[in-house]
Structures are given as structure tokens and as C-alpha cells.
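Working notes, beginning with the structure itself.
Labels run A, B, C and D following the written order; every chain starts at residue 1.
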Amino acid sequence: MAVSRIWHRNAATQGRAVRRAEAPEAIPPHNADSLRARITIMSTPHDSNGVALVIGAGDATGGAIARRFARGGLTACVTRREADKLEPLLESIASTGGRAHGYGSDARKEDDVIALVETIERDVGPIEVLVFNIGANVPCSILEETSRKYFKIWEMACLGGFLNGREVAKRMVARGRGTILYTGATASLRGSANFAAFAGAKHALRALAQSMARELGPRGIHVGHVIVDGAIDTEFIRSNFPDRYALKAQDGILDPDHIAENYWNLHMQPRDAWTFELDVRPYMEKW
Amino acid sequence: MAVSRIWHRNAATQGRAVRRAEAPEAIPPHNADSLRARITIMSTPHDSNGVALVIGAGDATGGAIARRFARGGLTACVTRREADKLEPLLESIASTGGRAHGYGSDARKEDDVIALVETIERDVGPIEVLVFNIGANVPCSILEETSRKYFKIWEMACLGGFLNGREVAKRMVARGRGTILYTGATASLRGSANFAAFAGAKHALRALAQSMARELGPRGIHVGHVIVDGAIDTEFIRSNFPDRYALKAQDGILDPDHIAENYWNLHMQPRDAWTFELDVRPYMEKW
Amino acid sequence: MAVSRIWHRNAATQGRAVRRAEAPEAIPPHNADSLRARITIMSTPHDSNGVALVIGAGDATGGAIARRFARGGLTACVTRREADKLEPLLESIASTGGRAHGYGSDARKEDDVIALVETIERDVGPIEVLVFNIGANVPCSILEETSRKYFKIWEMACLGGFLNGREVAKRMVARGRGTILYTGATASLRGSANFAAFAGAKHALRALAQSMARELGPRGIHVGHVIVDGAIDTEFIRSNFPDRYALKAQDGILDPDHIAENYWNLHMQPRDAWTFELDVRPYMEKW
Amino acid sequence: MAVSRIWHRNAATQGRAVRRAEAPEAIPPHNADSLRARITIMSTPHDSNGVALVIGAGDATGGAIARRFARGGLTACVTRREADKLEPLLESIASTGGRAHGYGSDARKEDDVIALVETIERDVGPIEVLVFNIGANVPCSILEETSRKYFKIWEMACLGGFLNGREVAKRMVARGRGTILYTGATASLRGSANFAAFAGAKHALRALAQSMARELGPRGIHVGHVIVDGAIDTEFIRSNFPDRYALKAQDGILDPDHIAENYWNLHMQPRDAWTFELDVRPYMEKW
């Protein structure tokens, strides 16, 4: 694991006096043990609830999901490629009494993923929930799509889901419990014109989730897939699709917190009645 | 409306002293007004939460859904063809402080459905939730299926859904809000051998729900479809499939209360993030 | 079987001198034997190829399918509710050397269907192919849909498919071979706004076809479902959707003969490689 | 383009006296021009029918498809990674008077694909049909799947389909016509336990095909997807699943020639009635 790619921030320590372990002088790459000292662990009753690991904890859906699980008593471990961007999320969780750790980690790099899971399991607690929330919605005519972009979209939106899912599933299977949730999109079910790359990645991610659900369900792991169909209330939509964004006034775009509630509900389901898939969209969305 | 087919029981009055209006001496058939005096209304703060009407409130899923919505503060109005069989459900709701009314009503009879909705809207309160939960899972070789049974299965499992959905939707559209939920099954998505009639009815019901969701969503009505895949903890399974039922010890069959929780969650969704469809099955179910 | 509802026209005899049996003086209703004398049989080598029975042989798709199978050497037995309207089709088949019989028959009436199949099997030959091609595409808001129309659309587009499919399947199973093809539509897969009735019927028909395919395939019966997605070159489209019809100049609407070719191809498939479902649409159709 | 990876064999010349161009002494890598002299072109009336390029022309389905299109008058250009293995196919096509060229080419290498398409278009004729037929059906528990294999299966079964599809589509769009057909599998629609990698690749390939169909259909390119569901009559099945193979005696496994006929039929469809997707399976297959 390259040091530059995985490090952490501990939301629970923001703005409070907390004993913090010092960072080690030198950290050899590709060595998960090296992360130990950099993770600040607080002992709280919540610890027993385990960890919700959110891969791709962006400003919208991923962040909202992390907040929801933290509110539910789990320790949120959140990742983005650039850890600095996690700060507002970590602060927001800490400010409401939740626990969170941030990691700059590349979900596409096998070594990173292995180290991340090892580190969290050892230093924070058992991963009870994995949410994979990385998308890569970049349209292009099939005639102009480059192989590089076609690959990168798959790598981000699908391979990362495989790597993280497999690593976490190994731990969960040993415990006979756990929840793994994937974020889907309309493109999970439909290959629209100009969306060959994104739809391919999303279809493949859904196949992964389905295959995992069928294999791991009987072993106690709840694998689910949430199809988000519609514009989400994000800075991206606000900037690029102002007309669409204006629908927010009449609830026409998805509130990330409302999406997140469904992830929480899935995690709460008893094992005799598990949902594999559900869709969410605004009431006024065309579909 | 034939009097013999629609009458009521009021769960909230079971075992308590309650002022009850006397039944009228004579009730002309097909006259919704005639029902008024037979419905006992109690004034409670819950009234303002409106009514959850559950069509097909059997001993398992339908009953559990009614209990869940009553627990959530709505007045449960529940129906079966034979009203007597509703007693245990009404008592169970009343015993936990909930409010419920029971109606013997045939969901396939247009007059009954119209009268039922009129009566409830006038005498109990606005129907905020409709749950249609009637199935008719009777397998048969296509070579031996009778037209009578093929029709009856469709009439029960689909036509009833149309009649109740339409009547309630008319009221909800006027108010610009409401939730209509249909219970689906594996057969909603797959026409298995020997299930032509049931799968046909369930496919048609799903098409109905989808069409209603697309038309009524923009008008504020949340239409959803819950695919229940697996054996449910019922007397029927216990008697007829004891091997299957034995899986209950390891959570291998669906607990009706756990199914019901999903209906409640659907109703709780804000309108910017509505689910049309979700599935539920035991963790160990083959699918 | 009411005599008034089932009678025949024999295309092969149009405009030629042919010995024709006289109609009996009196035909008791509901008696298939009564039809015997009214069917004119010509002995030709084609007879050994058996019968293609097309239910709903309208001016467009159904007629084209009948012509295609007649061209392939089968005797086309075609039905409509009003037998008179079959004349142009029968003449067209006869004029190209094909063999055809026409029957005024109501596909929704069990007695009619039973009598029709009995009559053809006894007097014309074994039914090798059944094509069910009756639709009922009448949109309506769910709020205004009547139960009568909701039922009638299902009765036409689905119940008829069940009745004819079952009756023919009984014969085919005894012979261990045969082809049964259903005509689907976009509404077979999607419940669009304002199409609850039609989509319900078409979903149910598809479930029927799927269930039959799974049960009857191993017994040698090939059941298929053709999803026609797009406007067809019909008088109806020409009159009611002139803009759409204008696309014909650029092949933007479906030619019935081109649809029919797919039915023929399905029938030609060897049993180790059977297709259950395929879609057809114009190259320029949005989907 | 590495010389070692793309070269050709000309079926039409096998076993006959034919003027053959000599191979050049030295061929610089990554230079399509270098291939010119190695392709032997025969002038026949068939040339005007254009080329059917079959990527992944193995001993079963791909080879049968090539033979079918050669029989239909197109020049079959066929590829495998190891060109030597193409010899029996080329000989078989030549022996029946067809025309074929063989190319050792790696469908996953962008340079190879670009060079292949350039070479064929320049030296053989316009590619009228592309068939992508590479699979990679290797099951594995998600817990043990390696990232290398997960990637390779996607690379073979999906990325190759993208690269070849894009390159050929560019040419076809310029001409306003062409047919591109992808071979799917059960895993295209269902993520079974232990098939996360294969199902992912096949789902993604289907999304690619669908997206291309929607974008390129209106530009005159017919994109289709054939779902092959069942064991095919191959050496692999014969060796590894002898019980399954024994079903051949009763037509219980798919004959590659019968699969191929469907690809031909798709290519023959007029543009007002194009099929995007069809399935094929033995009559006795469970599904």
C-alpha cells in the first residue's frame, strides 16, 4: 500500500481533546501494519456496533450514507481518492456525536483495498457494512469512445466493487454476518445510446452483486443493490443542469439523505426477509 | 353493495366499553349510505393520520401489514371475504392500542369496492394507504387448467387490484397524496411451468402497478410493488410443506411482520425518493 | 358452438371449380360434428404438411403470417370474429396457390374454441402451428378505466390465448410436436402510463407463453413470443397517425410480411435450438 | 500490430492450385500496410456481397457462423488468437466453394483490432457483418476470484466486443449499413452464484450491444444480441460433461449450425423489422 494513497482522518476527534498516537517516522509501502499507529481509536460503546465502510464517500450519496450509519451507531470508515476532501464529512459526523475515520484510498488498486480492509478490521473493528458507491457517468458516442475511457469507467464503477466486495466478504463469511450494498443506476438495467461504457460497468456491477447475493446469502451475508434513478441534489447537477436543479423546489431531485435511509433499512432487515434490489426516484421522474 | 358482503368490526372497541351506534333496521342493497350507522368511530388523535386500507388481510402478510400501519398511527381498515375471520386481527390491533375496522367485502365486485371506499372515506377518514394483498397461488398443468379457474385466479389476484386501486386513486388524486402498494410474487417476473394462471395474474398486477406508478406518481400518489419470494410463515405452509416449514428454526421462511416493515418503509419515503419495486426473500432461498 | 359464430371459407376453392359439400339443413348449436359438412377439403400434397391456425387473422400481421405459412406449404386456417372480413385474405392465399380455410369464430368463447380445433383436426389436418395474434391496444387513464373494458381487453388479448393454446396443446402433446406462437408488444414488458389494461393483458399473455414453453418444451412443443415494438403498416395507423405513417417511405414502420418471416423462422428451428422470445422494431424506432 | 499476432489463411486456396502472393521478407510491427501482401484475394462474384468478420471463430459456434455466412455468399474473415487452429474451418469453407480468410489476432489488443479492420476493408472488401463470439465461462467463488482473472474474463468477453464493434461501426456508419451481432449467454441476464466474473462481462457486453443498437440503428446499423442458453455440441462439453453430452442423442444440446442459422436470419431482416435480441436453447433445457 502506497502511503500516499491511504491515510486517515478521525472525525470523532475534530475539535475535541483526544489522545492521539503519533504518526510513525517511516512507513514502508505495501505494508498494512504501518497504518496501525496512524489510526486513532476511541473507546466508545458504539464500537461494539462495528464499522460501516463506505467506498466513494462523496459529497452527496456516499457521504449521506456514512452519516446515516454513524447515526445508527456504527463507526463510519469512509474513503475517497483524495482524503482531504473527506474533512467536511468527518466533521459533520463528529459534530453530531458520531464516529468516523477517513482514508485516502484508490478503490481500484488491489493492494490499497487489501490494506484498507486489514487496517480497519484490526484497528477500528469488524466491518459490518460495506457500501460501494463509486460511479463514473460519462456519456460518449460509441464511435468516439476510447478504449482508455471505456476501461477506466469499468475499473472505477465495477472492478472497485469487486475488489472491495471480495475483501470484505472474506471477513464477513468468517463471522457469518454482514451487509454489502452496491449503488446502481438506471444504466444498471438499460444500455442507452451514448452510454455503452457506463451502462456496461453498471450492468457488470449488478451482475457482481447478484452473484454475490446468491453465493453469500446462505452464508449470512446480505448483498443488496440500490438503483438510483434520477438527478441527485449535488453540486454537479446544480452547476451543469440548472433547469433540472430547479426542480428541487418541488422535490423533483433526490435528496441524498433520503437515498441513504434505504441503505439503512436494508441493513436493518432480519435475515428471513432480505431485499436484493430496490429502485428510488423522484415522484415526478419520467421512467 | 350487498349487505351480506360488507359489514364491519371495530377492533378498537373489542373488550372495552364503547358507545356503539345501533345497526339500522333495514339496509337496502347497493347503497353505501346504509353502512354509515354500522361503523363505530372513535375519536382519537390518531384519526388525523388517516386510514390504511388492507384488502385481503389474511392471517399472515395482510394482517401483519395492517398491524404495522396501526402501530404507525393510522386506522387500519381491513377486509376479507368472510368478516368473521377478521376478529383475531382486530383484537390483536385493539389490544396494542391501535385502531381498526373490519369489513367483509369481495374485492372482485365493483359495487362492493365502490361502497367500501365511499364508506371508509366518509365514516372513518381519508384513505392514505391502500395495500392490495390478495393472491391465488394454485398450480396446474396448462393441459388441464380450466377456463373457470384461469379466470378466477385473474379475477382475484388482478381485477381486484384494479378495482380497489382505481377507486382509492380517485380519492387520493383529489388530495394530491397517498400510497398504493401491491403484493407481488416470484410469479410476477417469471412464468414457471404449471403456473400459467397465477403468473398471468401476477404479471398483470405488476403491469397495473407500473402503469399506475407512471401515471399517478407525478400527481403525488406513491405506487409500489413488493415481490415476496419464498415461503411465508403461515398455517398453510406449516400444514402442507412441513419440511419447508422446519426451516423456520433457521429463519428460512419469511416472517410476516418482517415483510410488513417494508410496506411501512415505502409509505414513509419522502416523495423525492420513492421506490417502485423491491423484493424480499429469506437469506437461504434459492433464486 | 353457435353456428353463427363458426363457419368457414376455403381459399383454395375461390375462383375454381371444386366439388363442395352442401351445408346440412339443421345444425344444432354446441356440436362440433355439425361443422363437418361445411368444410371443403381438397386433396393436395400440401395436406401432409398440416395446418397453421392463425387466430386473429386481421389485415396486417395475422394475415401476413397466414400467407407466409401457406406459402411454406401448410394449410392456413384463419379466424376472425366476422368471417366475411377474411375473404380478401383467403383469396390472396388461393391466388398464389396456397390453401386456406376461414372461420368466423370468437377466440374468447370456450365452446367456439373447442369446436374450432376439433373441426380442423378432423376435417383439415393436424394443427402443426398455432399463432395467436389478437390485441386490444386501447389506452385510458387508470382513473377513468371501466371494469368492463379492463376485463374485455384481458379477455381478448389474454384469455383467448389461453383457450386456444390449451386446446391446441392437447393435440400437439399427443403427437409430441407442434409450434405455438404468441404476438407480444412493448406493453408485454412495460406498464406505461395509461396502458394498465393493455399492458396487464400483454404481460399475462407473456407469462402464459413462458409457462407453456417451460412445461411443453420438454414434450416437443415449441412455444414462442414475438414482441412487436413499433407502428405496423396498417389502415389504422394510416388513418389515425398520418405523421407516423409517413415514415413508411423510409422504412420507419413495420411491414407485416417482414414480421411474419420471423414466425416462419421460429417454426423452422430444429428442437435443439428453439427461441422463446425475440423483438422486432424499425431501425429508427426509439426504444 | 505485432506481426506474430495477425496473419492470415485463405480457405479458398486450400487444396487447390491458386496464384498466391508471396509473403514479404520483413514486416514492421504496428503497420497495417504490411499485411497487404499476405492476403490472397480471389476474384469471384461473391466479393460484391462483402465480408462477414467473425471474431472468435472457434470450433463450434463461431466456426458455424462463418460457414453460414460464407454459404450465403459473403467472404468469411475469421479470427482466433492462434491462427493455426483456423485451418480446419478454412478448409471446410473452401471445400464447399465458399471464400474465407483467417487471421491470428488478439481481439483484446486495440492495435490488432484496428489493423485487422483496416486490412480487411482494404484488401478483402467492406465488412457487412461483424460477429463477436468470444466467451470466457470460468466459474469461481467470489471469495477466491483473483483480480487478474476477473479482469481477463472482462477483457476477453467484453472489451474485445467494444474494440471490434467500435472499429467496424465506424466503417459501417460511413456506408449507412451493416450488421453487428454479439453472442450472449444465460449469464447475460442472470448473475448466478460463482459466476460473478463471467456474468459481469456478459452483462456488460449486452449493455454495449443495447447501447450500440440504440445509437446506431437510426444510422442504418443493425446491432443484435443472441442469448445462447444451454450446452453446445463442442469437444469441451463432450470431454468434461459426458452426461450432458449424451443428451445429444435426443437433441438435448445445441448444434452450432442451428445456432448459426439465427445469425443469418438476423442479417437477412429488412430494416423496418429488426430484432435486437433472441434466445436459443434446446427444447428440453430447464430455464
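Note that in this section contacts are C-beta pairs under 8 Å (C-beta built on N, C-alpha and C of every residue); 3 or more make two chains touch, one makes a residue touch a chain.
Since this is a predicted model, take the numbers as computed values, not measurements.
**Student:** Treat each pair of touching chains as one step and give the shortest count from subunit B to subunit D.
**Tutor:** 2
**Student:** Return the chains shared as contacts by subunit A and subunit D, ordered by label.
**Tutor:** Touches both subunit A and subunit D: nothing.
**Student:** Determine whether subunit A and subunit B, two copies of the same sequence, contact each other through the same residue numbers or different ones, counting it as same when over half of the numbers at the interface appear on both sides.
**Tutor:** Here the answer is same, because the shared fraction of interface numbers exceeds one half.
**Student:** If I rank C-D and B-C by number of C-beta contact pairs, which comes first?
**Tutor:** Taking the two pairs in turn, the one with more contacts turns out to be B-C.
**Student:** Of all chains present, which has the mean Cα position farthest from that of subunit C?
**Tutor:** So the farthest one, by centre of C-alpha atoms, is A.
**Student:** Rounded to a whole Å, what is the gap between the Cα centroids of subunit A and subunit C?
**Tutor:** Between these chains, centre-to-centre, one finds 52 Å.
**Student:** Centroid from C-alpha atoms only, then distance subunit B to subunit C, rounded to Å. What do you get?
**Tutor:** Distance between chain centres: 38 Å.
**Student:** Send over the residues of subunit B in touch with two or more other chains.
**Tutor:** Correct list: 214.
**Student:** Among line, ring, star, complete and other, which best matches the way these chains touch?
**Tutor:** Looks like a ring, each chain touching just two neighbours.
**Student:** Under the stated contact criterion, what part of subunit A meets subunit D in this complex?
**Tutor:** My answer: residues 110, 141-143, 145, 147, 150-151, 154, 158-159, 162-163, 165-166, 169-170, 173, 187, 190-196, 199-216.
**Student:** For subunit B, which residues count as touching subunit A in their complex?
**Tutor:** Residue list for subunit B touching subunit A: 214, 217-218, 220, 222, 251-255, 258-259, 261-262, 265, 269-285, 287.
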